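My questions will all concern the structure given below.
Residue numbering begins at 1 within each chain, and the chains themselves are lettered A, B, C and D in the order written.
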Amino acid sequence: MTDRPPEPDASLLNDLVAANRVLYAKGIVDGLGHISVRHDKNPSMYLLAAERAPALVTKDDIAIYDLDSNALTLKERRGYIERYIHGEIYKARPDVMSVIHCHAPSLVTFCVCQVPLKPLYHMSGFLGHGVGRFEAREAFGMTDMLISSPDMGRELAKSLGGHAVVLMRGHGATMAGASIKHTVFRAIYAALNATMQMDAMRLGDVTYLSDEEAAKATATNDKVVDRSWALWKAEAAGEV
Amino acid sequence: MTDRPPEPDASLLNDLVAANRVLYAKGIVDGLGHISVRHDKNPSMYLLAAERAPALVTKDDIAIYDLDSNALTLKERRGYIERYIHGEIYKARPDVMSVIHCHAPSLVTFCVCQVPLKPLYHMSGFLGHGVGRFEAREAFGMTDMLISSPDMGRELAKSLGGHAVVLMRGHGATMAGASIKHTVFRAIYAALNATMQMDAMRLGDVTYLSDEEAAKATATNDKVVDRSWALWKAEAAGEV
Amino acid sequence: MTDRPPEPDASLLNDLVAANRVLYAKGIVDGLGHISVRHDKNPSMYLLAAERAPALVTKDDIAIYDLDSNALTLKERRGYIERYIHGEIYKARPDVMSVIHCHAPSLVTFCVCQVPLKPLYHMSGFLGHGVGRFEAREAFGMTDMLISSPDMGRELAKSLGGHAVVLMRGHGATMAGASIKHTVFRAIYAALNATMQMDAMRLGDVTYLSDEEAAKATATNDKVVDRSWALWKAEAAGEV
Amino acid sequence: MTDRPPEPDASLLNDLVAANRVLYAKGIVDGLGHISVRHDKNPSMYLLAAERAPALVTKDDIAIYDLDSNALTLKERRGYIERYIHGEIYKARPDVMSVIHCHAPSLVTFCVCQVPLKPLYHMSGFLGHGVGRFEAREAFGMTDMLISSPDMGRELAKSLGGHAVVLMRGHGATMAGASIKHTVFRAIYAALNATMQMDAMRLGDVTYLSDEEAAKATATNDKVVDRSWALWKAEAAGEV
């Protein structure tokens, strides 16, 4: 019992459950995909649902993992195969408090092409620093594409680097941010930017945000994320 | 108490709250974006929600502003950073009774390209006079893209000119009209026209409305807007 | 009272109200657009709602018109400006029992381009005989695009000819068929075919149905339309 | 009474009814389309709804057919014209336990073009072995496109070969799999892959999964299909 991990704050748990449903409601995840948050009482632990479709996740499904992605609670439940995505990013990026992995269709489309994903407008200023690219073939050859080991998680974290988003060829995308709501914001607007960018590129020459515009827009957006977060939670709860 | 602004008509308030929800239901706004209306009792004031996602706005969130965009009521609430869009357009355009600012995806796509947005059909005849273009870089250099000062609001109003719509590079769009329902109509059909125009341009040579057709169609549409408005309010209220 | 038109069959009225809601639920109409049916007791009359958004139409909104599009009932209500579309097609096409006019976005897109709308698959075999094209400019010059007179209705009927669908430049589309459900079927699958055809044309060379395949598919589909109609009515009633 | 077919397991029946609704909820079928499952007590029989829109199918609509597609129960009901698709595939492919026929729009688009449908990402690894192509004209000349005879069913099964999916020119697609849930999975992700592939091909050069990646991904996905199946059933039941 000395090993029993600390109880996370109730509002953090609530937000994590809400975020699972928000990501589903916004089409970022379907039956697959997941979101984690770093433990508020111990930065060497993170919270992530045991294996379950995000839309169905409840508080009782949330397990605590160490950064090697070993379950410290709910050990009897099967975990997501790809939980190493989360643990290895938390190791590599002390600034990151939340991680999302998804197969949002517009991002998968960019994953399989070489066209850079770039910020069209202020909402996606977090793309201004560029995005990471992960190619499983480089270090691991022919795989089932999943990040199913600590080694693969480490390589993915390396590909993410200091970016907000990494695109994984033939697979999906992973986002990292300073809180649950900031990371959900990045997932939603990365996917929307991808959709709009495809349209814009077909329409003509595109003017993207400059690096400075992107950085300034991100600073502003990060301050007003609560307005969107309140809406998304209300939507996921069927209140609007 | 001598400064207390007059009470707006109850039906105007009701329509403004309804319009917030309509714009959300039609995908014109998400967590961000806003709609205002000029005060019916004092043309030097306008009504706009305090900071809140449009879908969640109620009567109690509606503040009164002067045309310099100072709050005259609900002073304890945070206002939208970009309220200057509204105040400065009301100053520059006495004919305008309602203003919408949004990031509707199809309009953002046109914002970042040079292709002119033009009316495909009678419903978007109000585009027949062309649309304004706003580039924040011209007068303000590298910004966070937001219209966060009276100066920027004034430049935006100048870019709007006599048009119904102004496209803001890397940001979104702003519409102005003769009433709440007319401006909502313009937002909805500007966005739909943008979507269809992208498809049409890929399909082949496009025949747009002539200026005369556009003007005549607008005159007719302006007379039957109540039919659509009744539907939109019913939709937003979950009645259909 | 000798002029009082006969009462239409109750099930015909029910189907017409249902069809209004089906067309809305399937995105064929929005606040505007309308569907009529020829009177079952008098082929020189037709049933059409008085001015109202289709989704809100009830039995009490259904008026009876003669083929010159004069209201024989509900004379105190405003009628759709474009009711002449219906009356003139019923005059010109004794085989037609129902008419739909709409601004479905994918069909508007084809309206403004010269690319022919052709049947991609068996469901849209009714496009196999080609579609009509209407250009208001030819006979009427610069208009507000609406079919607001018997003369314009007659020209439109002429452009429809023996086809199932006529595309109206800068405006929308009109469909005609052998019953309410057959015409609703044509509206839904014409719009879906247009969407898919745009995608297919971008993907590569397209093989369309031959005239013989289209005719045979139409003959088969016309026999099983009840299966879809039962679903559409259940959808519009919120039962599925 | 000696001919009375065995009762299928209750959970198989439940899953088949659920799958009908899932396929509707995910836009794979509309009024038309169908899913069958091989009888768990007798591999020479299969279960398929009598003629009805999938979204409306209940347990009482499920009939038992022999592999020549003769109804053994519910003989008084009209059957789907195209039930031969199911019977003939069960004959030709002992490994197949469930069959879906649909007109999913993105798949119809690929049906009419020669561009190969290929797996963009791990979720559609089952496309890695390629897909079958069926052209009714080759053996049957000009038809109504439907698989309305045992002969046509046999030719379709031949075109399917050992693949998971066969694309039918001018008509739709048919999928086969090892269980109801695996086949539903294939329908959903084949359609999604088609949509994304169209976008990706317009965006630039596309890197598809290699055959080895596709095979490995399929092996992994087949093991975790329960997570998605639980979600899809909850969605179709209106629980999320």
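Points to keep in mind about this one:
Here, a contact is a pair of C-beta atoms (placed from the backbone, for glycine too) under 8 Å apart; a residue touches a chain by one contact, two chains touch by 3 or more.
All values reported here derive from a predicted model rather than from experimental measurement.
Chains that touch both chain A and chain B: there are none.
The chains that touch both chain B and chain C are none; no such chain exists. The angle of the rotation superposing chain B on chain D, based on CA atoms and rounded to the nearest 5, is 180 degrees. For chain D, the chain with the farthest CA centroid is B.
Averaged C-alpha coordinates give centres for chain A and chain C that are 46 Å from one another. Chain geometry summary: the mean Cα position of chain A and that of chain D are 33 Å apart. Across the assembly, chain D contributes residues 202 that each touch 2 or more other chains.
Taken together, the chain B residues at the contact with chain A in this complex read 24, 30-32, 51-53, 55-56, 81, 103, 105-106, 108-115, 142-146, 169-172, 198, 201-202. Put simply, chain B touches chain C in their complex at residues 120-123, 125, 192, 195-196, 199-200, 202-210, 212-213, 216-217, 219-220, 224, 227-232, 234-235, 240.
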